[in-house]
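Per-chain numbering from 1; labels A, B, C and D assigned in written order.
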Amino acid sequence: MERKAEIAHRCLLLDKSEIARGWHLFELEAPLLACAEPGQFVHLRTGCSSDPLLRRPISIHYADAAAGRIRLLVQVSGRGTALLARSSPGEELDLLGPFGRGFPFLDEAAPALFVAGGIGMAPLFFAAAQRQRAGLPFEFILGGRSSAFLPPEEYFLDHGFAPLTATEDGSRGLRGLATALLEKRLAEANRPGRIHACGPMPMLTRVVELARAAGVPLHLSLESRMACGVGACLGCAVPVKVQGNIEYRRVCRDGPVFDGEAVCIGN
Amino acid sequence: MERKAEIAHRCLLLDKSEIARGWHLFELEAPLLACAEPGQFVHLRTGCSSDPLLRRPISIHYADAAAGRIRLLVQVSGRGTALLARSSPGEELDLLGPFGRGFPFLDEAAPALFVAGGIGMAPLFFAAAQRQRAGLPFEFILGGRSSAFLPPEEYFLDHGFAPLTATEDGSRGLRGLATALLEKRLAEANRPGRIHACGPMPMLTRVVELARAAGVPLHLSLESRMACGVGACLGCAVPVKVQGNIEYRRVCRDGPVFDGEAVCIGN
Amino acid sequence: METDPRLALDLAGIKMRNPLIAASGCYGFGFDYLPWVDPRDWGAIALKGMTLKPRAGNPPPRLAETPSGLLNAIGLQNPGIDYFLEAIRPRLGELGCPVIANIAGESVEEYRELAAILDRVAEVSAVEINISCPNVRRGGISFGQDPATVEKLVGAVRRVYRGPLIVKLSLEAGDIAAVARAAESGGADILSLINTLKGMVIDVHSRRPLLGNITGGLSGPAIRPVAVRAVWEVAGAVSLPLIGMGGIASAEDALQFILAGAAAVAVGTANFVHPHVAREICRGLQRYLDEQGMGHYSELIGAARG
Amino acid sequence: METDPRLALDLAGIKMRNPLIAASGCYGFGFDYLPWVDPRDWGAIALKGMTLKPRAGNPPPRLAETPSGLLNAIGLQNPGIDYFLEAIRPRLGELGCPVIANIAGESVEEYRELAAILDRVAEVSAVEINISCPNVRRGGISFGQDPATVEKLVGAVRRVYRGPLIVKLSLEAGDIAAVARAAESGGADILSLINTLKGMVIDVHSRRPLLGNITGGLSGPAIRPVAVRAVWEVAGAVSLPLIGMGGIASAEDALQFILAGAAAVAVGTANFVHPHVAREICRGLQRYLDEQGMGHYSELIGAARG
């Protein structure tokens, strides 16, 4: 019988810490997942009973191929993520993956601009860290509710970069939204070569408007409820424009990263 | 509004230890349950999701009214008890109770004989310890698969008594069944005033035969799957003889302890 | 709990403190939880299903746990209407909340006879006719499937019972909306739904059905999506007030049924897990009304129907 | 996995390595799990439901999680039969296991046309007609409820399709046994059951149905007791081999269906949780046969019927 690639992984949870209010950082021993690309995700079991039944998609937040380790950054937003937050180092987590198509052109020379809203920073951080390691230019815009709901600045500095930050209450960086920073940045003469964005829908809508107006290529990581995570169930479909027609595409397999031109956001 | 008795208790798990293979002893802070009587049980939630859905009935294994503590002795026998076994000191358990009617006549002067099969010793231990404290005479017959599947002898000695033991493999006490010990005991001239038994159905069947033959009053603690635990759903019914007719009685409310004459066992 | 006027209702003549009803078969005759739970936490209590003659019920095992569900085959064990009148009726006043008698018969005549008796029982605020109990073989089940039979049955009961008349529907019928319309034509004041779904579990070790009765009725959270859909469909088919039930365990669950079109909701299986469920759901409803700044919960009835 | 002769079967002409089938709609066209899961772990793979013309499917959200269940409203998104013949058919050989085409139409004529096309497709080992998809409004649903219509539909397909013909039943019909008998009279070789149960979830924050399509089909462990009961009933009504499904996730679950009367079992939702479920169930069946000292799993078919 032919040898199959691994899909199911039982990974040892090495470390867990709350790096922002309700954001839990998981460090896992996962040699076969550590070659994943930024923007890809794992599909995670959150308990051992049939309620909750389904796995939860979580972006790979960082992968250290040499050490065979990956990190996940999970915001508690419901029952599944709350269960996850209760696991402790020494336990094994049940992961499938890596799944999905990540951010493209991460190795191009032209400067990249990452725009992250809240927990949307999880996959973008990985993309930025990869460019950082490769010595490729990029900027990182980060928006959040308040300083306490974002990782501390050292978290980024440890990886060699400092995001331009906006918070709604002004407790860190600009008072306002990430998209205000983006708007200002795109008004400057030296435009970035490409934008990669991930965050809540209202933010993405505005990012699409701004990028289109500025004529900068854009890639968005989208979210959707998932069942299979591999493209088999068609449950995670989102509408995209394909040669002038609207068709449904699978976030899990055709995405989660989609071309800014194709997504049906901000018309 | 009138003051209602407590039914739902969140009890701090103070201590947990495995005192026999697969038998977990739980020590709980439960001031309002510590007045429970031997043979009564609590109805325990084993997780926080809807699967497994129902509570599990577990006998009160020991209650220290002065300290406001109770003990439960749980044998892992399926998914719910396995989940329970994974809880750790410092957590709170969700208990209802105390429910049911316990062993009667525990304060009478005539000597009592307790016959326990395996985990059936959980409630009988409490009954015996109560007579021990009250200085009332009793004997305790204990049967099990093997020594490793029974609590160590010190566990009983700490409470001032030593059970007469039988194991199927002869690793402790007599090689054979608890009912062989009972048969021998009932063959003696000085019969006990009353027998209380709890254990697997084949054991109970034999105990019923022996006690009836010897003419010794018998009380049995029965098991049944439960939903409500309070008598509302009629789900735990077992057939009993009532004035010559067979009627269904609720293990949770009319029992779990039933009169040996009434139960439909061994005809 | 204090009575909150935002939750009070008059359900076709049943004066309820709140829209929560203890579901039939899950609350005995109202007394089993008495030492611990204040019955006035409920808007009303539906009693265990009753028959003319006493019924012994099905042989054990009567219960099986399934994923997020409970399978039961009690078999309508009950002491019969005479015992009820004699021994239970005099105590019903103690409950301090409206009581709904749930009845089942093996013929139209039996239903009629039971209803005629209950018409003279002041302690009973309403009668619920169970045309759908899946655990009685020659019993209610056949009645619930055919609209014409349902209309005839309800009409017969209607002629002898003057109080609020509830007809309890199941999904055994292929077209629940048609049965609902038949019950409406027959003269029902209220429809309640859903009864349990017929299911079974096989014990792979003994290689036999686990339940003594072979099949049982499935209740609990597992059936909730099916029950919400049934309420949604029936609300579109009749203009009677509905009592929604099936897997309700929280205020959010109750709101789903209300938003789908239920005027009140019943809670069965969840009592076994959380005896204080009525009180907690009421608190949750109050919080929701606070958050949404609403004057009365009834503004939410059917609000998801757009 | 090594092929175990104790698990092999010939299901009315479908030669299967073991009695496990990937349920339609849960395994795409067989390729999505390919990099990771060996398709030969399955006895057969049922493809996503196909229609004559391409279908875009329902607007999102298409999924909602419920207690131990999954509600889906995909809306039969599929590229249509022409695309299938052109782009998918040539690759089916790669799977190395029998493939079942699942078809749905909006008229008897459409079903007939699809089946006639598939009759000439050697790569397809059997056709399963979905007369019960709850997510297509003018679609299959009406067909599945009335025995006379089912018999006519199956008969029409039977006349043009010579291979093993599977008819997939749902519980939407009040009397599933009657529909099963109708399918048998119409000429079905095999019956498969159950399809999903119609359900819905309401989002109490937006106060709207959560799914884009309002209602969806409930699958997963929540429906298992209902599905086992359906197999038990249908096994008593027809003499055709049955494919049982609904919430199967383990060998014990599969055994329940087999003991109730299913010759084979299908697994849908559990793939999403455990992609290696087929392999694991087969191992569990082998262990059970070892423990019971049995020569072939087929000795267990219907063994709980006593």
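The criterion applied here is as follows: a contact is a pair of C-beta atoms (placed from the backbone, for glycine too) under 8 Å apart; a residue touches a chain by one contact, two chains touch by 3 or more.
Treat the numbers as computed from the prediction; the structure is a model and nothing was measured.
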{"item": "Graph separation of subunit B and subunit C (steps between touching chains)", "value": "1"}
{"item": "Third chains touching both subunit B and subunit A", "value": "C, D"}
{"item": "Maximum centroid distance from subunit D, chain identifier (CA atoms)", "value": "B"}
{"item": "Which of A-D and A-C has more C-beta pairs touching across its chains", "value": "A-D"}
{"item": "Chain centre separation (subunit A, subunit D; CA means) in Å", "value": "36"}
{"item": "Whole-Å gap between the CA centroids of subunit B and subunit D", "value": "47"}
{"item": "Gap in Å, rounded to a whole number, between the CA centres of subunit D and subunit C", "value": "34"}
{"item": "For subunit A, residues that touch 2 or more chains besides their own", "value": "50-52"}
{"item": "Subunit D: positions in contact with at least two other chains", "value": "64, 66-69, 220-222"}
{"item": "Topology of the chain contact graph, where touching chains are joined (line, ring, star, complete, other)", "value": "complete"}
{"item": "Subunit D to subunit B touching residues, read off their complex", "value": "67-68, 221"}
{"item": "Complex interface listing, subunit A residues touching subunit C", "value": "50-51"}
{"item": "Complex contacts: residues of subunit D adjacent to subunit C", "value": "64, 66-69, 71, 145, 172-175, 197-202, 204, 207-209, 214-216, 218, 220-226, 228-229, 232, 247, 252, 255-256, 259-260, 288, 300, 303-304, 306"}
{"item": "In the complex, subunit B residues that touch subunit C", "value": "1-2, 4-8, 45, 50-55, 96, 224-239, 246-248, 253"}
{"item": "Complex contact set, residues of subunit D against subunit A", "value": "1, 25-28, 32-33, 35-38, 40, 48, 56-57, 59-70, 72, 74, 77, 220-222, 249, 269, 271-276"}
